[in-house]
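Scrolling down, you'll hit the structures one after another.
In the two complexes below, chain A is the common chain; its partner is chain B in one and chain C in the other.
This part shows the complex of A and B:
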């Protein structure tokens, strides 16, 4: 009787997590496993007769594909520039929103707008703002006398990438702002008072009190955004579809286009697996950093 | 507590089974056909009227139409088919038929058409667009032939005749480029030609090249696209942007909405498109707009694109008979006349084409005149991808000077070899 009860006690947590595991298994692990298997296959939908196991051929082709390398390079800049400026802007916004001023509650709500707006809507909105013929950006710059001729922002190799990165910064900074704001609010006020009594100025208080407490939030949000930004296709797809030429052609988009335009699911899966392995490195770094911060209450 | 939990779990699992079957239709009442077609916002109400008319006149079959955005429609068809879902019937561009057929998505229609009374009214040369290896997979529904719109008022002001040849076209485009004062009194930039350099740029590029002597394959089926004629034509096309500056500076990113918008708002003077935009353009510009044939090459060769939009039936539809009842109705006189008038299409039926309205309307007249110059695009499974994305990227790179005309043509030849 005792044994039976201890067995059911042991099984109880597993029963409780079973539904979650089942869902993760069905919607996450199985597709990942399928993707992994597909990456070793020739699987072009329009050529059913040629489908089959081809070993590492897709991987070899990928490493010889100049567009893959170009897309990887673009992904690096896309992720680094987007996340760095999102963090910077998010931190600044959070510090501002943490101060007391009239209309603060409203400002906190308004800041969230870019984040809650669907990516496709944001993409279309900014694509029209930067439209080369009718765009608002050109109109304003023209009226201010800064430019004399319309600039085709999204149709120019020099400006298209910065514009989509800027849109992504606009879209993603509220996530940092709100997360960091929550972090700021959990810092005990007496620490600031103690530091002030010890003669620490604003900058010193920020570096020695604020930043160490924000560290876990910043690490978590940065790693999450790195992963999301590397995986994202919707914003670029809506604004430029990777163009003009390969100007905004990031790896996640290349994966998507290989699958859904050329219907080559084998090669597309290969690139997706590569991207996943790359992101696992970031997750590893994240786990290591977060374990260091285990003692803090924030995580 | 445990008891409650287990009851809840059982209830949850049971409800999952119940809802999983929630889509199944009841045995009574009319059969519902799910139909997909892409329509611009301007056209959607008229298309809905067409569907409503079918539903009003049929009691045993009812059609539910979903307006799927054009740029997603091919992908959504394929992905939904792969998981055993999707519409019963759908409109499809000619370019997709080979790949859809290769994936087994399309129901052969020959046995249905054999017993369809309306078959002899359809122009006989239009059936081919929906055929693969002699098997009919599509019902001709809409015929779109590329011609040119131009601003007749500006041509008259400058005393220029509508161009007959590509050289005259370039001259006219250069002369029309500059600034002018619009009706609001603002000085705005004007460009001779509204080139499509962004999404959907392939058709315009291929018409330009084919007019000037390019070929996709030779008579033995070998790729013949990488010829000096194609390279020269490609260079001339790029020159419109790089050398003559007679197209808007935003050309590399300009898709359908941008080129039509620019023409309607008086930013460009010439535009190639088909009758699908005639209602929209004539509403915006009235009698300021004129139409002409797509210019010939300097030695008189003409080529134009004519694409037939077909309605197809999914091979996994559970209601194929009823689906055919709908798609055949769509290709019968009332529906063809309605959509040709209201949505812009050259009538696919002889009886509708003979109506005075279509003979007298200039947009229909120029379309009919252009039909004789219509050439065929390749019918390979890879062609869909070449048109949809590969050419778009290559032409953008060429326009931006990242690759040469020759490199672009060579790359397209490599893609064409992959049939």
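This part shows the complex of A and C:
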């Protein structure tokens, strides 16, 4: 393209970009700024008279809030258990679906179902399977002789969290499977042939050819999933609303419930800011990773 | 991986059994929801679970459509998802073109912002946006949800379109310029038609994402007339004496458009998903 440096040429890209940036500024950046400001305010909807600037009081209250600390612990297990098993199951599924067998296309389609189903629907379907009175899970486990009486899975303080995590594993493993499958298909076939000529067995080929090639995909996908899982609230909201007690209160959900059920928008914003700062570390790592991966193919 | 013939029992253990287990795990809740949805209440509330109804019925589906707010919620979800998609795509096209074709100050940092905003906690936006909407008396309107969904979809659509547009060779632009095409002409005559599959995939994904959204919708709507499908569904749980048959029918009807869209565009979606960050 000719490079005339007239005013209109220089302004052209800015004119194209301006409307979009304006909209993003108004609906995304401004609310984030308002959220930051809110975190320094007392803002309980039901008590309008007490609203006002209170400095760091919300932050101090947060660090003295035992439920906040509990929710941090819950968040850790929620994220680590979900993502670990999603990765494990996703990797296994990808390796299987990379083999040639009859019905592979069908299997690939079926495996994607959990990823496609709306979150609310996923939560409801599993809540129904784990229903305490008429649920399928109790029925099967009883017939197998593993349990001797019905368990109210989602109403029981010990079992609710594992069931919710399992649902999340179900929902998220196809994403890993597809990402890793794409990675597998990009590995040159002759590498395997060369390794085979060198006398490497199946396991050895997996460790020396497959894994090194998959590493970038696995790391990037894992970091991305860690962040999203920390942000996920819809599954738990649908299945238990954080209960019974505080057993399924992850931080993102606790933050949401503070605003939604207690209408405490100030304190809720404070926790949202905290969550954001926590995640920024991981977002930073993710940005570094994709820059390394994609330096070559974008601009 | 190797082409050597393996004995059948090894193949059974290392391939067929795991494949079947994974597939069963993936489809089990959906199949079970379907079976439940064609049972009547007496066959759902049995002491010992019945794996297939003696008298399959479509009564639950009729109930959901005739006696619940499902049709209203369906309409709301359609309008909100369609408007969000339309706004995001229209706003993104020109801006993404600028990003893909011109180097200007701040373009790199903005692209980083677009992709990283996909990872911000939603609660961080929900809470202040609620306060703002309340101030503008916009709560309980479809418009408030369209705006809310645009907050997370617009950066995503921008990011995806920039990727697709960048993939179209500049040689084509130059050829078009020689033939007397203006810069805006290049966008509409070269870039848009060539990246149409990508744009359609991104649009469908945006639609599905808005269709699924629960947390904003729960916060911003409080009257039956404004609820979306996910909100309506989420209210089944916690009710005293959940009507599982109706719930399963409503859940499957809610998923149907998503599944159809997905099947229609499976190839595009997977290509798009592996190309960039897509919410899962």
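Some observations on this one:
Methods note: the second predicted complex is superposed on the first by the 261 of 299 C-alpha atoms of A that agree within 3 Å, B and C clash if a C-alpha of one lies under 4 Å from a C-alpha of the other, contacts with A are read in each partner's own complex, and residues count from 1 in each chain.
By definition in this document, contacts are C-beta pairs under 8 Å (C-beta built on N, C-alpha and C of every residue); 3 or more make two chains touch, one makes a residue touch a chain.
Just so it is clear, the model here is predicted, and its values are computed rather than measured.
Placing chain B and chain C on a common chain A by superposition gives a clash between them. Of the two partner chains placed by superposition, only chain C is touched by A:287; chain B is not.
If you count the residues of chain A touched by chain B and by chain C, you find the higher number for C.
Looking at the shared chain after the overlay, A:132 reaches chain B, while chain C stays out of its contact range. Touch criterion met: A:262 reaches chain B, while chain C stays clear of it.
Shared-chain residue A:46: touches chain B; no touch with chain C. Of the two partner chains, chain B is the only one touched by A:152; chain C is not. Of the two partner chains placed around the shared chain by superposition, chain C is the only one that A:110 touches, whereas chain B remains out of contact. Once chain A of one complex is fitted onto chain A of the other, the partner contacts of A:246 are limited to chain B, with no touch recorded for chain C. Once the two complexes are laid over each other on the shared chain, residue contacts for A:194 go to neither chain B nor chain C. In the superposition on chain A, contact of A:272 is made with chain C only, not with chain B.
In the three-chain superposition model, chain A touches both chain B and chain C at residues 131, 133-134, 241, 260.
By the touch rule above, chain C contacts chain A in their complex via residues 1-2, 15-16, 18-19, 22-23, 25-30, 32-33, 36, 44-46, 48-49, 91-92, 94-95, 97-99, 101-104, 110, 112, 115-117, 119-132, 147, 150-151, 154-155, 158, 162-163, 166, 173-174, 177, 183, 211-212, 214-215, 218-219, 229-230, 233-234, 236-238, 244, 247-248, 251-252, 254-255, 258-259, 262, 266, 270, 273-274, 277, 279-280. Residue ranges on chain A touching chain C, taken from their complex, read 1-2, 12-14, 16-17, 19-21, 23-24, 27-28, 30-32, 34-35, 38, 43, 89, 92-93, 96-99, 101, 107, 109-129, 131, 133-136, 139, 170-172, 174-175, 178-179, 182, 192, 196, 202, 205, 224-225, 227-228, 230-231, 233-234, 237-239, 241, 252, 255-256, 259-260, 265, 268-269, 271-273, 275-276, 279, 282-283, 286-287, 290, 298-299.
In the complex of the two chains, the chain A residues touching chain B come out as 45-48, 131-134, 149-152, 154-157, 160, 240-246, 257, 260-263. Only residues 75, 78-79, 82, 99, 102-104, 189, 197-199, 248-254, 258, 261-262, 265, 267, 381-382, 385, 388-389, 392-393, 396-397, 399-400, 402 of chain B touch chain A when the two sit together in their complex.
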